[in-house]
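Chain IDs A, B, C and D follow the sequence of writing; residue 1 opens each chain.
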Amino acid sequence: MFSDYSMSELGAIFAMQGFAGLILFSVFVLMALGLAIIFGQMGVINMAHGEFMILGAYMTYLVSNVFAAYLPGLFGMYFFVAMILAFIASGALGLFVEWSLIRHLYKRPLDTLLATWGLSLILQQLYRSVFGAREVGVSIPDWMMGSMPVTDMIEVPINGIFVMVLAVGISLAVYVMMFRSNWGKQVRAINQNRVMAGAVGINTEWTDRLTFGIGCGVAGVAGSAFTMIGSTGPTAGQLYIVDTFLVVVFGGAGSILGTIASAFSISQAQSIMEFFLSGSMAKVLTLLVVVGILMIRPQGLFALKLRK
Amino acid sequence: MSKTPPSKGPQGPSRRAVLAGSAALTASLFTPKSLLAQDFPTAEVNTTGLAVTDDTVTVGILHSITGTMAISETGSVQAEKLAISQINAQGGILGRKIEVIQEDGASDWPTFAEKARKLLVNDKVASVMGCWTSASRKAVLPVFEQHNGFLYYPTFYEGLEESPNVIYTGQEATQQIIAGLDWVKETKGANSFYLLGSDYIWPRTSNKIARKHIENFLGGKVVGEDYYPLGHTQFNSVINKIRLKKPDVIYAIVVGGSNVAFYKQLKAAGIDMTAEDPILLTISVTEDEILGIGGENMEGAYACMKYFQSLDNENNLAFVSAFKEMWGDDIVIGDVTQAAYLGPWLWKAAVEKAGSFDVDKVRAASPGIELTTAPEGYVKVHENHHLWSKTRVGLAKLDGQYDVVFETEELVEPDPFPEGYQ
Amino acid sequence: MGLHERYLLKVEGLTVSFDGFKAVNDLSFYVEPNECRVIIGPNGAGKTTVLDLICGRTKATDGSVKFKNQELLQMREDQIVHAGVGRKFQTPSVYEDLSVFENLEISYPKGYGVFGALAFRRDDTVQARIEEIAETIFLEDLLTEKAAYLSHGQKQWLEIGMLLIQDPELLMLDEPVAGMSVAERKKTAELLNRIIKDRSVIVIEHDMGFVEDIATRVNVLHQGKMLSEGSMAHVKADPKVIEVYLGH
Amino acid sequence: MTFSKNSLFTRQELIGFIVLAAIIFLLLPAVLDNFRLNLFGKYLTYAFVAVGLALCWGAGGILSLGQGVFFGLGGYCMAMFLKLEASTPENTSIQSTPGIPDFMDWNQLTELPFWWVPFHSLTIALIAVVIVPVTFALIIGVAMFRRRVGGVYFAIITQAFAAILTILIIGQQGFTGGVNGITDLRTLKGWDIRTDEAKEVLYFVNAFLLFGVLLIAQFVRKSKLGRILIAMRDQEDRVRFSGYDVASFKIFIFCLGAAFAGIGGAMFTLQVGFMSPTLVGIVPSIEMVIFCAVGGRLSILGAVYGALLVNWAKTSFSESFPELWLFGLGGLFIAVVMLFPNGLAGIWTEQIMPRITKLWAARAGAVAPIPATSTEEEGAI
């Protein structure tokens, strides 16, 4: 497989594939961070995660239309407004869902899976009724759609860089929130001992709701970013769900760092394999390797060994 | 084949209001034939117990309204309803108004089979306009053959099929592929091709035909061939490969949501299709898909199919304006939508030629049916139940429409089992 | 290594570490047949972990646990049970959705394999044995009751009964009287005194009066290490123990 | 409840079985036309999966989101045999290589892959319908349960398997028929499975098999193994320290569920006439869980009613309101979880049975009551 290429080409391949892998890595991180918060910290299996992402994408679509109609001069900047609104919309929906559904199901994690699956069906149909069955085209500001040549072989897409910067930014934000803020302390306290956390005066109910909301909000931002590289349609969210869960589980639920490490290893593996194999086989092999490793090491890459 | 005669005579179709505003349609182009129902007694035109009464005839529409395929199939449903309402406005078929029973295949092949059975067995519809994916057609095919139903199938597809119970109103693979490849070779001097597709039967079969044609007839070479799972959204790897192999043409048969991801990422990676280096030639992106992809991401690509909304002829102008009047000004019309529109008209012509709704007689009458009023221009039904049609190449513009840059001089003969391409 | 036939259980150099924290550190002790060994020590001393290590619930990092000269550390939990080691948990763990009868029946030492369980029949022997045990644990009138409806003490008894029915040679009890009312506690003491007679027992307990009642020997654990070992009187007099319990 | 009996049924359960048998064997064939009967036949094939899930999930607490894999494997085994029978050299004479399935020919295969060859034999195919899913389940089960992967993790990993198998089947279309599946199946040992009579016969075969499966499930549930499963769900450690190898019980029940699903898949192929990867993926796998949940996850009879009810609702709802049925289905998921966690079986035992008993008790003094009326209500569920 290597013999087809010269040494300098191979160098370029690895550079470019490494970069493609980094973009994929950022995509995985964005997808998985929200879920890592919700699933990892709260143990809630949110099967509607993809739909929360798509809500963010639709918000971006709406904002882009509003800007195109009323503020064409500022169109280049609309994306930032869109991301904030996407966070707010998905987050608000998350708060509502937590209040109406999830809080009744904390003791039955497998049931949250079913309930949120039902929710995802409803959201899909809702998007279809509101926005139509067809995909909507989100126009991206021109400055985001170009690329920067590095050498004559290697070009770097700007939206890829944007996604990467965003992934790093959100990871940092999540990190700061989880490990530096009062809320993060409360979340971790509840994760470790719910009863005790309640006893020492943490408002567990509100912290749960906020956590779920923030997780969904992050999903919304991810969805907003994905309008640059993917499609926005009622059922597009389903495409992400398996990958997302695998990334989180592979990283070791409960560990934000693990999620990032797992996103990194899966994306690099997939991207290298994609170059030498057909895309389908690369995907199958990646999934098989992940599942295989999970069978050998079910707790994932990063999990604390605890006294039972 | 069982043709169970109905026990209680023809059943009244459930009357569902699907046709609205048909009177307002501009049907002037389609010269109404003044056929009166009393000239065609029900007992004579319907000997097999179909849902035909003295003043109505029922047909089925079977597409996905829900699920992942709803995106694609919506346009077909709209086109079929438009055609039916126009036919009714002209007085229907053999003096009978068409009534429609619509069923949802829900993007699920067993459901398609189930609904097809319902339409044929319970509703006794005289014909069915429907299906979009090959998988759904394959699923309903045994049902149609068993119950002797008659299906008008609108999608361009891989060929390799020729059922007595189906009229294929879209192009089969060779019709769509060969003319486009010849064109890109002749006018652009293209020699090397990178074949790319979603991983399922249509892209794979189409690329197989393309490869044979490129290697055996054009003397060109295929420098890469790649498939990604349906719904895949990350194409940076294949874009890197393309950049490395430097083909003259990227031949892309990506479908669905993957399409959007592919073209956006292609553009973002700095491959400017308007520069034609490389040229992008696709057979899977109609105007419908561009809506989702965005005209700015598609500009400069070439598509090869039989119909584009921008076709400049009287039939098409009337069709487009009627379509917009019925379904709204924002709507776009793609190749499959137009092909779906042909279904009811072809059926009407065949029924009138046969003077009967009986499936066997309609089938016998079908080959040789000509339609001069088709938006794509003149079409004719071949012995093998596919259509003779012209193939065109369109250049995608910023506004999401195609400029037709090439059109075959003659109708291309359909060849679902092409010799030398197997 | 010489054969010490006089010991039923030999724990030597037992160590477990959780991410560097040694919950049990180089622990050794020996239990004789028909002995009642009590482990005491402050919270976090590693008492429960010792039991977990012996019964295979936690995998040891180092050391050896020999029961009748079989190395337990290599064995699966169920194999350890079959070897004759029974374990009662600190919080009562009974099957709440099943009746008292069914709870005991599941512990009946027959039909352990998948197909054995499928073929298992309730015959008269089984029934008689279950009724006998039920009487021992004061639950003979509640056999058809769902375990969920039992009181806390009754659940503890039921779990003890589930162990008794297997007739283990070594029984390990984790705080058997914790959380009981005074009356229940009394009954339990009586029950335990009866059942420890013909087997070896390791008990974790805080109630010193109770310990004095039943203990042959006492181990005092502190921070995963053996602080003191001997008769109750001996450990009570040990200055290190006094330091840990009463110091500061 | 008595504890001295080893009997397979309590009186109530026996009545439940008889009522279900009456519905499936008598009522449905009597009131439905051939088309609808065939539809219910298809629903009943999902009931196989749901019964397996009632054991795995309801009793054992193991939620698999990959039952579609086993359903699909069973279905594909059957479809491979039927496809080979349909692909005689005479039927396929227009192909470049006659005698192999059409999709292989389209993909330039020139001979039958070796692993297709055994499927010329009906006996081997029928054995494979059970053995292939069970082997697969065994591998997954041993790998996961021996390492004590359970609960949510198990669910997600089985879901990943569903995704992997779907991509594989679609990608390897030369061997599997790809996204179209294996279609155009015609005869079983020369017997045309497409005729109305055949469909009717297949319905009854299906129903008999389902009752066979129900009896096995009932036997398992009533055995000590059934009680161990429930015990495991509540207190896994206690079971382990009562001397049981917990993993082997989980593996067994998971394999049994896979076997049931495989049989269901094979019957699906026979009745519907094709098998395709859409039945293998994540969506159908989760839907199968909802059949079980609607029925009441503990109840094996409930699972059958759940499969019938949800599918019937899906069909009729999508006939009447095609654009709204996802709202209905989604709402059903949520309602079952939030309001009726024990599903139909729960409604029956908690709401309806007590009333009937009360009614019965009230009347017992006066007239000798006939409880037959109660059975009809269950049919109406």
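As a convention for this text, contacts are C-beta pairs under 8 Å (C-beta built on N, C-alpha and C of every residue); 3 or more make two chains touch, one makes a residue touch a chain.
A quick note: this is a predicted structure, and the numbers were derived from the prediction, not measured.
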Winner on C-beta contact pairs when A-B is weighed against B-D: A-B
Taking each chain's C-alpha mean as its centre, the one farthest from chain C: B
Chain B-chain C separation of Cα centroids, rounded to whole Å: 74
Whole-Å gap between the CA centroids of chain A and chain C: 47
Gap in Å, rounded to a whole number, between the CA centres of chain D and chain B: 36
Residue list for chain C, restricted to those that touch at least two other chains: 57
Residues of chain A touching at least two other chains: 125, 128, 238, 278, 280, 283
Of all residues in chain D, the ones touching two or more other chains: 167, 170-171, 323, 326
Touching residues on chain D, where the partner in the complex is chain C: 1-6, 219-220, 223-225, 227-228, 230-231, 233-235, 237-246, 248-249, 252
In the complex with chain D, residue positions of chain B that touch it: 2, 4, 65-66, 102-104, 106, 108-111, 113-114, 117-118, 121-122, 133-135, 138-139, 141-143, 146, 158, 160, 199-201, 204-205, 208, 227, 229-230, 417, 422
Of chain D, residues touching chain A in the complex: 57, 63, 65, 143-144, 147-149, 151-153, 155-157, 159-161, 163-164, 167-168, 170-171, 282-283, 286, 289-290, 293, 323-324, 326-327, 329-334, 336-338, 341
Contact footprint of chain D on chain A as seen in their complex: 43, 45, 47, 101, 104-105, 108-111, 113-115, 117-122, 124-126, 128-129, 238, 241-242, 245-246, 249, 278, 280-281, 283-284, 287-288, 290-291, 294-296, 298
Chain D residues touching chain B - in the complex, by the definition given at the top: 33-35, 38-39, 42, 94, 96, 102-103, 105-108, 167, 170-171, 173, 178-181, 183-186, 194-196, 268, 272-274, 276, 278-279, 315, 318-319, 322-323, 325-326
